[in-house]
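One chain, chain A, appears in both complexes that follow, with chain B as partner in the first and chain C in the second.
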Partner chain A sequence: MQMLFTGFEALPVIAVIALGLGGIIVIQGLSLLPQFGQGQLIYTILVIVITRELGPILAAFIVFARSGTAITTEIGNMVINREIEAFIATGINPISYLVVPRFLGVTLSMMLLNVYFNVFGLLGSFFIAQLFQPLPFSQYAAGLFEAISGADVASTMLKSMIFGALIATVSTFYGFRVERSSTEIPQNTIRSIGVGFTLLIVANGVLTLVYYL
Partner chain B sequence: MKFKIRFARQIVGVFVILGFGLLLMIIFMIGSNQRWFARNYEYFSEFQSASGISQGMSITFRGFQIGTVTNIELTEHNVVAVRFHIFDTYIDKVTENSVMQLVSHPLGFGGGLVLHQGRRRTDPLPEGSLIPSINSGLGRSLVAQDLVALPEEPDQIEELLSLLDPILRNIDSVTQEAEQLLAEVNAVLAGSSQGPLAETVAAVNAVLLELEVAVADIGKIAGNIEATTAEMRDPTGLVPRLLGAEGSIARILDDDEELYREIEKILASVQAALEDVQQMTEYLVSTTPQISGILEESRQAIDTGQEVLMGVRNNPLIRGGIPERLEQPTTFQGFRDEEF
Partner chain C sequence: MNSTEASTTGIQPCVRLRNISVQFEDFEALKDVSVEFPLGKTTLIMGPSGCGKSTLLKVAAGLLPPDRGEVEIAGVDALRGRPRAMSEMRKNTGFVFQDAGLWQNMTLFDNMALPLEFHYPDRAESVVRREIYAWANRFDLSLILPLRPSTLSGGERKLISFCRAMILNPNLLFLDEPTTFVDRLGVERMLSVLREKKASGCSMIGVTHDADLTSQLADYILVMKAGELREFGTTSEVARSRDPVVREILADVLDEAATYDGDILDLLEPNGDLF
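The block that comes next holds the complex of A and B.
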């Protein structure tokens, strides 16, 4: 169920953003790069921007904004309603019952959404490219798969996995930080967004540095 | 139940399977494009210098990339050993007596390692074999024995001309664009074009027409000024007649102070009239309280008369008597009269 809410329901937003981003890169690239005789660089730019950098981080922002806040609110409400105490009283570990499924669901959803982001971003750019410079799909695919490498795929998947784990951890942590008042729920949600976004950006920077080392 | 909740497992299943399927497809496409799953055959060659050779450099055969340089090392005999692999699709090109040549373009337009095939059609050389450099002793010997199928040397001038051709085409296109631009500028200047520049030129024309009219007006004014100046220069003209010692203005001013006395009289009359006005104003101010008292008494008399008339009308013998009078406070009160 977590994957339905986090993964499947975020797909339309992810698709629209990826299509738009791919289109913008192609429009800007095709208007500028051929002037320097470097039209082939458009594939490299697409891979760097969509696959390696913006794909994982944008998908993570969307997932955090949609599902991270929902998880914090949900767990915070459960704390207020004494449901966590009820779990403990009946011998159920709330971490294994509430946190682990959300952690796995968000992490897996994040990875899959990143794959979809890449597919939509790179396909969207192909359709936009048709408007400016019609070229057969085989040629486009050849150029693209020439530019993309296994390291790029590994980097983007690793990033999305780490981002997913970060989102789930921060969201559940701030959900459990709610103590007794319902007014603490929005406060902790806001705090989780601030901390989560900062951690995502820092993690992205670190992973990018590791990639280039 | 909502469709999404009812078929949640199926939806998530499709979402996950499709996602992983796409990921696998992408990996497979990258792999097939970058020859992850293809077999490469390792060979090596020896050169006197590594200058111009780099790791990852393409091995070409008649313009096609058939392999890549994988490693360059300096051996203990001070020979540069270049290891490279040949793609499995082109392995049949690596025949006996093949040689390698480092080609560098005289004008710096690229270069690379080129494979020259042996003339004899044989099976591919065994993996790990030496393919000699064309400049090595073995290579020169093979070439001398005409065992290597060397392509005909291209004419250097022809090659240079082929390089110059695109440059000339670019110059041609630039010339055409310049010609179009000049035609456009001509059209704009002739007023037969549309667009911002044409609008600007039209606006400049309109301004010039207005300027022409203004210049004509200034010319007229200048003519008038010239005529006035001439009048001033003329001793019998209007200005000397007015301003001269015997002129009209001199006569008005030289009248034994008659004009001055007249003005003084007028001013004295005005002053007397103003004094009368002032006396009248003072009288009005002094009589204002009396007028106010008269007005107040008149108002009270009118009120009393009204009451009498009302009493008469409401007489018990006739009606219901005199009604009680309600005091109406005046509305002319300042904020200072308020009690806070």
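The block that comes next holds the complex of A and C.
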């Protein structure tokens, strides 16, 4: 259920953003790079920007904005409605029952959405490239495969996994921070977004730094 | 008696609270409360609104960790107990919430099924179904089982919460205003179930303003005021209390729900009409 909500239902917005990002890179790259005789660099830039950097972080922002806030709100409401107390009274550990599935669902969805973002971003850039510089798909694909390395794939997957874990942890943590009043729910949701986005950017910076060390 | 300490000497407790203090922001909801709820008996907590009754009940049920003090439920340390011991203890306890506390994203059937499925994973689906319908039929609720809690009235929610608490056949029951919002027939059915539980030796700890519930079930009464225990004893002991504050509280609290003529304290007298 969590994967359906976090992963499947986020596909349209991820597709639009990935296509747009890929298109922008190609439009800018193809208009500038050939002037310096570096047209081939477009593939390297696509891989760096979409696969290694913006793909995971933008997908994470989208997942946080959609699912992270929903998780905080849902759990906050459960606290107010005594549903968490009902779990404890029944002997069901709310962490096992509510947090673990969300943690796994969000983390796995985040990794799959990152793959999806990459596919759409890189494919989208191919279609946009047709408008400026028609070239066969095999040539485009060959250029991309030449530019992408195993380290790039490992980096993007590791980032998406860590970002997914961060989103799930921060959003559930702030959901459980709600104590008594329903007005705490939007307050904690806003706090979770602020803290979550900051942590995502810091984590992205650290992981990028590690990649270049 | 010390205003914040109470025990029933010689009777084994089902729940033991020691030096419990609970603070909500600047408000001290419970002030160094120690009490032992007797095993196999029904103890009803009474007091004016906001005196800490529900807070005490939740602490006693291990749902609200106190800021200070120790909680022992059925011999298990409710604050530091091992998960397996806690789970076993919960398997034998039930809690009826003041505002029902139903899981909103589940149907009523699933609300009742989850405790059974969790504690008895090997139990056949048909058996679980039969048990759920047996409880629902007892309260004429079987037709609404496929619905979700948001579509129900307050009374129906309360009855489902009651059935959910009963589904594990607990031997320790916590009741937070169980009859509020419930119609007369529902209250009578609820009382019938509670009388059966009492006869079977189930320990019950409840918060109520309901005179019927008090007169039919209470073995012990605990009177609270402003986060402190004011009086604790058998119904007859409490009824004989000369403490004017206790008498005033009982009269005020029970009068809210009672429909009887005469001195409200007569309800608690062993020789009164209701005994």
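Simple rule for what comes next: the second predicted complex is superposed on the first by the 213 of 213 C-alpha atoms of A that agree within 3 Å, B and C clash if a C-alpha of one lies under 4 Å from a C-alpha of the other, contacts with A are read in each partner's own complex, and residues count from 1 in each chain.
The definition used in the following text is that a contact is a pair of C-beta atoms (placed from the backbone, for glycine too) under 8 Å apart; a residue touches a chain by one contact, two chains touch by 3 or more.
Computed from a predicted model, the values in this text were never measured in an experiment.
Chemist: Should the pairing of chain B and chain C on chain A count as a clash or a fit in the superposition?
Modeler: fit
Chemist: According to the stated criteria, A:I88 is in contact with first (chain B), second (chain C), both, or neither; which is it?
Modeler: The second partner, chain C, only.
Chemist: Touching A:L108, do we find chain B (first), chain C (second), both, or neither?
Modeler: In the superposed model, A:L108 contacts chain B only, not chain C.
Chemist: With the two complexes superposed on chain A, say which partner A:L131 touches: chain B (first), chain C (second), both, or neither.
Modeler: neither
Chemist: Examine A:Y116 and indicate which partner it touches, taking first as chain B and second as chain C; both and neither are also allowed.
Modeler: first
Chemist: For A:E146, select first, second, both or neither according to whether it touches chain B, chain C, the two together, or no partner.
Modeler: Only chain B is touched by A:E146; chain C is not.
Chemist: Chain B or chain C: which reaches more residues on chain A?
Modeler: B
Chemist: For A:L11 in the superposed arrangement: first (chain B), second (chain C), both or neither?
Modeler: Touch partner of A:L11: chain B, not chain C.
Chemist: With chain A at the apex, figure out the C-alpha centre angle toward chain B and chain C and round it to a multiple of 10 degrees.
Modeler: 130
Chemist: Would you give the minimum C-alpha distance from chain B to chain C, in Å, for the three-chain superposition?
Modeler: Distance of closest C-alpha approach: 13 Å.
Chemist: So in the complex, the part of chain A that touches chain C is made up of which residues?
Modeler: 77-78, 81-83, 85-93, 180
Chemist: What part of chain C is in contact with chain A in the complex they form?
Modeler: 24, 58, 61-63, 83, 86-87, 89-91, 93-95, 97, 99-104, 114-115, 118-119, 164-165, 174
Chemist: Note which residues of chain B are touching chain A in the complex, please.
Modeler: 4, 8, 11-12, 15-16, 19-20, 22-23, 26-27, 29-34, 36
Chemist: Quick check on the complex: what are the chain A residues that touch chain B?
Modeler: Within the complex, chain A contacts chain B at residues 1, 3-4, 7-8, 11, 108, 111-112, 115-116, 118-119, 141-142, 145-146, 148-150, 153, 157.
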